[in-house]
Amino acid sequence: MNPESIRKLFEEVRKGKVSPDDAVQRLRHLPFEDLGFAKVDHHRSLRMGMPEVIFGQGKAPAQVTQIFSRLAKHGGNVLVTRASEKQFAAVKSKNSKAEYRELACAIVLRKDKKKYGKGVIAVVSAGTSDIPVAEEAVVTAEIMGNDVEHLYDVGVAGIHRLLANREALTRARVIVVCAGMEGALPSVVGGMVGVPVIAVPTSVGYGAAFKGVAALLGMMNSCASNVSVVNIDNGFGAGYVASLINRL
Amino acid sequence: MNPESIRKLFEEVRKGKVSPDDAVQRLRHLPFEDLGFAKVDHHRSLRMGMPEVIFGQGKAPAQVTQIFSRLAKHGGNVLVTRASEKQFAAVKSKNSKAEYRELACAIVLRKDKKKYGKGVIAVVSAGTSDIPVAEEAVVTAEIMGNDVEHLYDVGVAGIHRLLANREALTRARVIVVCAGMEGALPSVVGGMVGVPVIAVPTSVGYGAAFKGVAALLGMMNSCASNVSVVNIDNGFGAGYVASLINRL
Amino acid sequence: MNPESIRKLFEEVRKGKVSPDDAVQRLRHLPFEDLGFAKVDHHRSLRMGMPEVIFGQGKAPAQVTQIFSRLAKHGGNVLVTRASEKQFAAVKSKNSKAEYRELACAIVLRKDKKKYGKGVIAVVSAGTSDIPVAEEAVVTAEIMGNDVEHLYDVGVAGIHRLLANREALTRARVIVVCAGMEGALPSVVGGMVGVPVIAVPTSVGYGAAFKGVAALLGMMNSCASNVSVVNIDNGFGAGYVASLINRL
Amino acid sequence: MNPESIRKLFEEVRKGKVSPDDAVQRLRHLPFEDLGFAKVDHHRSLRMGMPEVIFGQGKAPAQVTQIFSRLAKHGGNVLVTRASEKQFAAVKSKNSKAEYRELACAIVLRKDKKKYGKGVIAVVSAGTSDIPVAEEAVVTAEIMGNDVEHLYDVGVAGIHRLLANREALTRARVIVVCAGMEGALPSVVGGMVGVPVIAVPTSVGYGAAFKGVAALLGMMNSCASNVSVVNIDNGFGAGYVASLINRL
Amino acid sequence: MNPESIRKLFEEVRKGKVSPDDAVQRLRHLPFEDLGFAKVDHHRSLRMGMPEVIFGQGKAPAQVTQIFSRLAKHGGNVLVTRASEKQFAAVKSKNSKAEYRELACAIVLRKDKKKYGKGVIAVVSAGTSDIPVAEEAVVTAEIMGNDVEHLYDVGVAGIHRLLANREALTRARVIVVCAGMEGALPSVVGGMVGVPVIAVPTSVGYGAAFKGVAALLGMMNSCASNVSVVNIDNGFGAGYVASLINRL
Amino acid sequence: MNPESIRKLFEEVRKGKVSPDDAVQRLRHLPFEDLGFAKVDHHRSLRMGMPEVIFGQGKAPAQVTQIFSRLAKHGGNVLVTRASEKQFAAVKSKNSKAEYRELACAIVLRKDKKKYGKGVIAVVSAGTSDIPVAEEAVVTAEIMGNDVEHLYDVGVAGIHRLLANREALTRARVIVVCAGMEGALPSVVGGMVGVPVIAVPTSVGYGAAFKGVAALLGMMNSCASNVSVVNIDNGFGAGYVASLINRL
Amino acid sequence: MNPESIRKLFEEVRKGKVSPDDAVQRLRHLPFEDLGFAKVDHHRSLRMGMPEVIFGQGKAPAQVTQIFSRLAKHGGNVLVTRASEKQFAAVKSKNSKAEYRELACAIVLRKDKKKYGKGVIAVVSAGTSDIPVAEEAVVTAEIMGNDVEHLYDVGVAGIHRLLANREALTRARVIVVCAGMEGALPSVVGGMVGVPVIAVPTSVGYGAAFKGVAALLGMMNSCASNVSVVNIDNGFGAGYVASLINRL
Amino acid sequence: MNPESIRKLFEEVRKGKVSPDDAVQRLRHLPFEDLGFAKVDHHRSLRMGMPEVIFGQGKAPAQVTQIFSRLAKHGGNVLVTRASEKQFAAVKSKNSKAEYRELACAIVLRKDKKKYGKGVIAVVSAGTSDIPVAEEAVVTAEIMGNDVEHLYDVGVAGIHRLLANREALTRARVIVVCAGMEGALPSVVGGMVGVPVIAVPTSVGYGAAFKGVAALLGMMNSCASNVSVVNIDNGFGAGYVASLINRL
């Protein structure tokens, strides 16, 4: 064990067997990563409220359950994204406090219920098909200790619906916008507010939507300067980034 | 000449030199395209006001001038798209009535000034950089006999500018919308009106705009059902389609 | 209701309870979207005959039925695109007048049978595999109150079949052309007529057809100037745009 | 019937009821396509031995059978490409002389057994996974009346296998080369012979093979000048083109 | 002025010249955008310190100067991105306080020198070729009132350089990371800190870098959850988003 | 020299110094490529009339001249494709019989004027901008000893022009079709004839033409079965393949 | 048999029936590939330890078993990649010594257990989902006679985990790095060592990962100069190349 | 300075002011990167013969000269890739021993002339246009202390040229293969040898070559298992990887 070997070095210095200069020299050649690892752990402990996250898709229910149970022991919140009802049933049988967020296809275990976010995160989505992605962002932001408000079905082809919600948008400290097809919504929302907008392209659409590519390109080229973008269907990432911003 | 050869055949039938059955047989082997060609000519004459069009880009001034002069003799309107000032100077020296539409980079000769369009065509553009494309649509629609109204710099990131022009949009019988970058404007405009919207992606933007591809994909996936799309930077095509619709 | 609240404000002004200046101030903070919304409603009522549309694909039969029944109450026409026979059975059990258009995979409820279109819409398709998309355009145009004529299996590799139908094409006021593979048909049709052509790329083909991308690109680059394009397999969009044009 | 109507016109001319000039005028307005159609039919009859072809994929067995039976009545050869065993069973029950070519997934009915090809067509494939595509080319060429020789599993990573078959290649009058992955084989074969090479990219491979795109691009860029290319997996097209060449 | 016109309406109601019902009716037809516009103006005034921005690329020096001078009158900061030295010379001749930031290719006029950012923004870049993009982010963040620290040439292939700057990264409240080629730096930086990371793909690289596409895709797929992305070479956008976050 | 070493081996066998079995063994270890090389040379001499070809683009006039002069000594025809007038001037100064084919941008030296082709090759192009590519095919086919007929400006948007040339197409033994933009012409031509069609996509077009990609995809997916395709702008390749076919 | 025919030639030379010169002449026209083939065989025998490889995916269990059994008779090692448990069961029933490597989805038969590699091959993977690809590389390297060390789950977003394994990386003579998503790991590893790094992009990820394309592009553009790349998910290829390097 | 601070800690331990346990604890919180950096330096010194490399393209002659002079002081070899003659003139004026390798467009300063490579590196290229890339690999390998043999113009369309050089290929310990267009050469070479092959796609070609993409894809999908790939035109990278392998 490395802390031991360093302690031994210090002992030898104390006993005069090794001069301080030689000790520095020897320390220089010790693998620094052991120290680094400890540091990181410390650092981690500073990031309270961060959920332990499992990407559920493609994992067997038993596998999800096993990882879930191990992570649950750490005492923090646990989140399984892209989880099926089958996976939930398996997890639930071992962790009675786990809950299933159906719209988001997410399993959550919320032990740490402290509010870490300073304001409200608004999650906006263009069409009803974008809701699963939007809900993933909502669940992520909630489990990371934020108040979340959601505005759904306010796509740009019916701009009055969006305008009718201007107040809610103005209240938010950071906004997540999910949209498929042409992905135009973040530009319009971005132009209406003065806070950061996290855009999530969704794979909603067909033909030349190319499973979210059209929306992704649209968002990358947003004419609103306050927009940044995460991966297609990455509601989790958007909720995570928004949560970090809302803690500042 | 073909009509002659057919007349000759009829003469021979009349004179009894050729039986009707043989005549049918011989006619069957005549190249039908000559008849077809005539028909097409007739058809053409029905399409009054259609401009003769030259794609100027890449052609030498002398070449443009030569084609222009030949077409000008037909008596109809002539339009040179993507024309340089040099090309115009050359054309002007031979055709004193030719005019240069600077913003549109177009040379026009307008002899037929009849109004063919029944209502107003609105041409809308997102940013100032889209104006050359929008102006090409304007010039095309005007030379085809339409009243054109243009609304520029009404991009989606400042949605109030678009809303402030709702009346003008409502007045239009058909709308051309030009936008680069994310190409979101046609969806928003499309949602505000009940008339056909012709969307023109422009090559405005950089990086992931991919010279108009992002805008093109956005427009193909428009969530507004009244939007159809023409090629990148194809202001001429949009003005042409809009003109045909406005004649109906 | 919002008009009420504004009327109340006016009443208070009239009664001298509120000064005009304060009224302006209060009005400034009223959500303007209520006015806007009303305006939109008015506008909506002008667009009679527009069907309420449900995108059936991926929705459970019960879900489709529920939305269908709700929309059917509005008294207008209802259209479900990309609908399965299962979805139809469910819808039918609650809405006895719903019909299934098998070739188009569409469920329709036609209450408003008024003719809104002024002329004939021709729907042309290249191959037999393009028929479902073409039929979606046909059904959409019909439910929006148009006379529709369809010409199927007239692909460009047998150009005589297309020429044999020149008369029918010439009769149409607007034409929808559906084609997969190389998507060349709209160019040829476009060159034969003087009316707007709405091109629909279909995902028919294999290999380098890339699920409709080859056809889409072909149509975007059509050398016929009267062609505009909608999304891959978007028969509904083409029928919708054609209907709007045919009402002008 | 149209020939009738023309005959009637000639009769009227003969009887002096219609002057030749008027007849020309009336003829000008007759739909020329009827003549054209007849011409095409004539032309068709010159192309003896061409199979009637059905693209089987995605069609129901009953549907394939019905089309097959109708085509079989024309007296020529019939070919169903991408056919399943189920489709064959259905076809066989109605057309006892139909045969199933298992490797090619093709159903064939060969009534016209005349040799139309003047020399040998060689069909070469790179790997064993390319064989279905290669066999489709073989079957197509055979049913069109050609002697076919096939060389399989002679990919470029074992160049000696190809060299060992140089004689066979040299004997061929036209060569079809099928290859997936990097699609290099046509270049090597093309460099070894002085006859036309038809290259068929196959969708064999994974990852960056992109379902045949890598092979397609490789073949389009072949450094051998005698190579032309057909669509991915289009063994039929290659066999067809090769057959036309071999008839010259 | 619109508030005036509304006040007038209220006055007329008060005077009994207009009934409340008629007033509602008239209000309904007033362009609501005037209210909206006013609202936006208010909103605008809350966003102090936001620079007026000109995209310099492709504009004539005279054009830039004209826009610059107009914007400078508003009293706020002005920023010209992608500006040439020629453009600067022209601007300088009319606006003596304008400065040229050579590395960033930016012209700045900084009148409002208030600090709006609460912490430090770190701007990190992978290679020396990424510096222009990074400097654009730096200049943008500075003109928006932030303390900025930059760490250049700390690419992932020499990970120790990055580790040596861990302290500086830890100090930052939000981090902008610019990288071309494989675009891996944001993932590594993201994993080292607990604050939001704005990733900027740059067009640095050749061959399969595809002018920034490789970096863009890499960043979209970052395995670090705190990363969001802006357009290729969009240093301005990254600096803008970071500034908004740093104000929270 | 290798033939010597083999002769020596035979001498030793004759002299009884080496047994036949040992000789076989030793031969097995000789590098076979020396024999192979000779064989290839023989083969080459059988391919009379094939031009020596230089790809001119990017080469200095002196460099082209040097290669040209060396190849001219072989006594066969020489062809420089994509050649500038400057390159021609340099070549001409050393090779007085070289000619410049301006439309094709090709330098030709035709010593072997024998007719190798058995019929006529038709070269068809869609628009006037496609002519340089078409002319490259014409020059290539001519220098390889063929009668060539060309039909230009017969694009699909004016189908009657193509139909008017049906006779010429029917006369051809093999057809080259050059088209940019949507690349639809080969399909239409292919459907009108029963001979092989070599399609050449050209880089003519803009926007979504993607420098020939749209045309290339269109041609790969041609619904006419007698079409095969060469690289974008590869008039030379098409002329070459057509020539090989016409010799059969 | 060909060696026979050559022996006969030598016999005739020995008997004086054929002069050495004539023999050389006749040999020149014999197909050299027979000799070549023999040579290759020899060459093959020099490459001891190379496994016979079967690509299992898409093959029927019976088919895999048949090929496996035939190859097993050659006496060398046999490897089936992308093998299912069903395929293994079938193979095992006929080849009792075959083993299934579950994580790698590989069937192995290891008869030749000699060590051919001179040092250690390290196989590194970014995430747990990359393990199947990494294990395929491990199995391939082991069956080719190498000592393999694996380091899993050391992705770049937790750089300390990678640093903690610096020693292991330094020990390796060649390193295989598997990573999906942004594919950044090879660059970081490459920067830490002075030996060749073989990068394997994996199809792990979603959305803009495009099934491994993002990782592939990232690796192609690695800023570390010691990285070369194989196909997406091609763990076998990476293990093979690493093995060849480790034998040097 | 950090070593000082550590020395101080050791002094305190020696003096008994700090216990070994507390010292370990304090050390744990020191920034490890300073130690790490030293370690890296040591590591660097083990990699003798590695050239310092400058990417010349886009840099001003003065800039190149300045960096070159600084690196030259380190005493090792210096290499400037993609260097112009102008850059060389500038460098030469300050570093008289610098040489220009014209074909490779590289400036080299070779001080360390030791042989580090154990065998021969063969650099093979398909066409004459690939030579600049191939020469970059040659120069890189030479400056890193290797014997290099080059085989140029041995493309796959003339396979006999490659076969004629089989001996040379067999001699090599590692092979670099450069090819543009279809990029087939590495597969053929890979199949002829049993050593690692580094493939370099070049941007040679036009049309569907897409500036090296076709070649890159071809190489990624090579059916020869001993091939790995570097970036398009990256001759330096290939020479670097080959050199590392040749040192093993």
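Chains: A, B, C, D, E, F, G and H, in written order; residue numbering restarts at 1 for each.
In this text, contacts are C-beta pairs under 8 Å (C-beta built on N, C-alpha and C of every residue); 3 or more make two chains touch, one makes a residue touch a chain.
The structure presented is a predicted model; accordingly, all values stated were derived computationally and were not measured.
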Self-check item: Same-site or different-site touching of chain C by its copy chain E, using the half cut
Solution: same
Practice problem: Average the CA atoms of each chain to get its centre, and name the chain whose centre is farthest from that of chain F. | Solution: A
Quiz prompt | Pair sharing more residue contacts (C-beta pairs) when A-H is set against E-H | solution = A-H
Practice problem: Kindly point out which of E-H, D-F or E-G repeats the B-F interface, defined as over half of the contact pairs being the same residue numbers. | Solution: E-H
Self-check item: chain A-chain C separation of Cα centroids, rounded to whole Å
Solution: 39
Quiz prompt | Cα-centroid distance, chain A relative to chain B, in whole angstrom | solution = 50
Quiz prompt | Distance between chain centroids, defined by C-alpha means - chain D, chain E (Å) | solution = 59
Exercise. Two or more other chains in contact with one residue: find those residues in chain E.
Key: 32, 36, 158, 163, 207-209, 213, 216, 220-221, 231-232
Exercise. Could you please write down every pair of chains that are in touch?
Key: A-B, A-C, A-E, A-G, A-H, B-C, B-D, B-E, B-F, C-D, C-E, C-F, D-F, D-G, D-H, E-G, E-H, F-G, F-H, G-H
Quiz prompt | chain F contact footprint on chain H (complex, rising order) | solution = 129, 158, 160, 163-167, 206-209
Quiz prompt | Residues on chain C engaged by chain B in the complex (per definition of touch) | solution = 36, 43, 46-47, 50, 53, 118-119, 163, 170, 173-174, 194-196, 198, 216, 220-221, 225-232, 236-238, 240-241, 244-246, 248
Exercise. Spell out the part of chain F that touches chain H in their complex, as residue ranges.
Key: 31-34, 36-37, 39-40, 57-58, 201, 203, 211-213, 216, 231-234
Practice problem: Report the residues of chain D in contact with chain H in the complex, numbered from low to high. | Solution: 126-127, 155-159, 163, 181-184, 187-188, 190-192, 205, 207-210, 213-215, 217-224
Exercise. Please name which positions on chain C make contact with chain E in the complex.
Key: 3, 6-7, 10-11, 13-14, 16, 19-21, 23-24, 27-28, 32, 35-36, 38-39
